[in-house]
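The following blocks contain the structures, represented as structure tokens.
Each of the next two complexes has chain A plus one more chain, namely chain B in the first and chain C in the second.
== the complex of A and B ==
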């Protein structure tokens, strides 16, 4: 099951890069993120899973679709024929590396209990890595202001 | 609490600016942003005076007696970097008062600029590689915003290219940090330097490629000319002036000197990359006719000098590299602002379409001469001393060929910069440029102030080295010991 999810993540991530149609690419990114989120849940990392699905698959995809609609990106595209062979080559290379990694990594460790993990993540975030949180605020501010700048410019152009 | 000013205050004002833009579109954003830059400059000078002159201090911030778990570190290198960032950001902030009118909302522009400054200060003060990475990302996003401010197709394309290549660099850096974490179980600078066997060759290669892309060393340089040409002049001024220096050069210094300790192999790679960048940047700049494109290639060449000086690894080489880091920040910011002033007055930075502007733009022309002579290393301006020290350091370690290349590239720099000065400011005034008038007060003031700093820091170079650069060089020369001897204050 994990192998299937990993393969799905990679396939859709690659498609998100290769597809010329922006909307299709964003939808592929969304599916890839959902697969990755499920993998996080299966690996007993629910916080990472929730962040992945809510922020990457949710918020960021909404922002992308908003930007595409604002910049008028819904035109019909002819997908170049070179995309598929490149993708297939990359897919097999990554799959090979991944499976070699999985076989070499040995048996998985015992999962920690959820309660233990909640307290651990809270401790790490607020007690150990508070400056990272300030850094994340900077990242969010930068992203929002850049978006406001682009959207404002679009309005001016109209 | 004092150190957190450098991150917290610009970030807080950035969050506040878009809210007040409804009340005041011009005055309050201009006033608050520049007040913040003045405050940061005053704070960086105060820190220089308060700092005992040696040692690395890690400060865990407290609020009414309880720990906030915000650990920041201060040493000689940080003090120099904070001062550099403060000077450049104030100059760009003042220049923007008149310049930024044609680039959309003033409040949003200043907000992006303030987030960029806060993030750059975060990179400098971070005690942890992962925290440093987060701030590098934040500064990178703010930089794309500044590139995309230009209202042309080229600027969007430049921003996109910058975004993609910066993403590649970030993934290299993050992979390098992940490898260190796997080896040592920590990302703290002090803890990694204490851990044994933290060095892996792959992580070194990843860091060289990642930080090399960030500071546009050849062969990782190709994003810079497009991004700088497409963006408004304030972006290359900030990027070449401080972003490249912190996300690239400062990070290289921290990782290779204080986390790994400079090994002969890394030293050789830095010297090779430095020399190739010096030569390639200088020759590529020769063929350019657009001012900012030429200055972008010139930046690649000048960053090469910094990396070359640091890569030598001797006390003199490191002093020369760090001195050139500060001096280049000043004169390259000045040159980019000059290019912005020319474009503001004439509507183009294509030198072929310009000519005889010296009489129409006397201040811009005068400050441009000071900037170009500094860049070319003409005495007694600041660029001369830093290049001289690097050349002497090269001769000291018997790298005669590299010393010759450094001098030769300096002559090439003088050649292409004088060529541009002649094309743009000298000769007969073109008919289409007869209506051109000198740029407004704050733009002129900002350029004049930077030109003054170029002259002044060149005249007082000896005391500048002993007071500002020597403590920074000591941090790098101490290598791993610098991180190990960290004094904890508070918490």
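== the complex of A and C ==
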């Protein structure tokens, strides 16, 4: 089941890159996000799974579809396809190195210190990684500010 | 003999690497600006998978907190990027990245 989900994530991500129609590509991206969210749930990470499905598969895809409807998507692009073999060769070299690593390494030993320090996600967010939370809030404010500058500039032009 | 947990870990690592490669290919080789953002999104998916699989099973709360941070930043980047795409389309009636090559230097 895990292998099926991982393969589905990769295949739909690749389809999102190679499909000509932008709307179909974005729908493939949505399906890939849903597969990834299910993987997160199966890895006992429900909060990450909920965020992945609701925010990435929901909000971002809606933003993409809105942009495609405003710009038309523009299917007629001359895309360079010569470098795909180079990427494939690089990826196969990386895969070979990875599989050699699998066959040469033994079972992983778990260090004693790797014990969960927190019992709730809230404790991690507010106590352990409080600076990250402040950073998130700053990024959101910066994003809103940039959006106001970019989108609101049209009124000034008129 | 390969430990099944170890093999599972390598499967996640392999999938994350594949997602990052697919996203990098999309970013480097496509000229449609929407495709560039899709590529960025796919790279971010690979990174999230890597963080969660790296935190499994002992540091899952920490890994989830980091993934939530990554997703929040990703949403902001996508919103800004898509607004810039719309703005660029209004300016030049095109979302081809080569249209804006006169911006260089």
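FYI, the second predicted complex is superposed on the first by the 91 of 158 C-alpha atoms of A that agree within 3 Å, B and C clash if a C-alpha of one lies under 4 Å from a C-alpha of the other, contacts with A are read in each partner's own complex, and residues count from 1 in each chain.
Going forward, contacts are C-beta pairs under 8 Å (C-beta built on N, C-alpha and C of every residue); 3 or more make two chains touch, one makes a residue touch a chain.
On a predicted model such as this, the values are computed, not experimentally measured, just so you know.
**Student:** Going by the contact rule set out at the top, does A:142 touch chain B (first), chain C (second), both, or neither?
**Tutor:** both
**Student:** Which of the two partners, first being chain B and second being chain C, lies in contact with A:134: first, second, both, or neither?
**Tutor:** It touches chain B, and chain C stays clear.
**Student:** Taking the superposition as given, does A:6 touch the first partner, chain B, the second, chain C, both, or neither?
**Tutor:** second
**Student:** Return the chain, chain B or chain C, that is in touch with more residues of chain A.
**Tutor:** Chain A has more residues touched by C than by the other partner.
**Student:** Of the residues on chain A, which ones does chain B touch that chain C also touches?
**Tutor:** In the superposed arrangement, which is not itself an observed complex, chain A uses residues 128-129, 132, 135-136, 139, 142-143, 146, 150, 153 for both chain B and chain C.
**Student:** Please give the residue numbers of chain A that touch chain C in the complex, ascending.
**Tutor:** 2-3, 6, 9-10, 13-14, 16-17, 22, 25-26, 29, 32-33, 36, 39-40, 43-45, 47-48, 51-52, 55-56, 59-60, 63-64, 66-68, 70-71, 73-74, 77-81, 83-84, 87, 90-91, 94-95, 98, 101-103, 105-108, 110, 114-121, 123-125, 128-129, 132, 135-136, 139-140, 142-143, 146-147, 150-151, 153-154
**Student:** Residue numbers of chain B touching chain A in their complex, please.
**Tutor:** 7-8, 11, 14-15, 18, 68-72, 104-105, 108-109, 111-112, 115-116, 118-119, 122, 126-128, 130-131, 134-135, 137-139, 141-142, 144-145, 148-149, 151
**Student:** Under the touch definition given earlier, write down the residues of chain C that touch chain A in their complex.
**Tutor:** By the definition above, chain C touches chain A via 2-3, 5-15, 17-19, 21-26, 28-32, 34-35, 37-39, 41-42, 45, 48-49, 52-53, 55-69, 71-80, 82-87, 89-90, 94-96.
**Student:** State the interface residues of chain A toward chain B in the complex, per the touch definition above.
**Tutor:** Result: residues 126-132, 134-139, 141-143, 145-146, 148-150, 152-153, 156-157 of chain A touch chain B.
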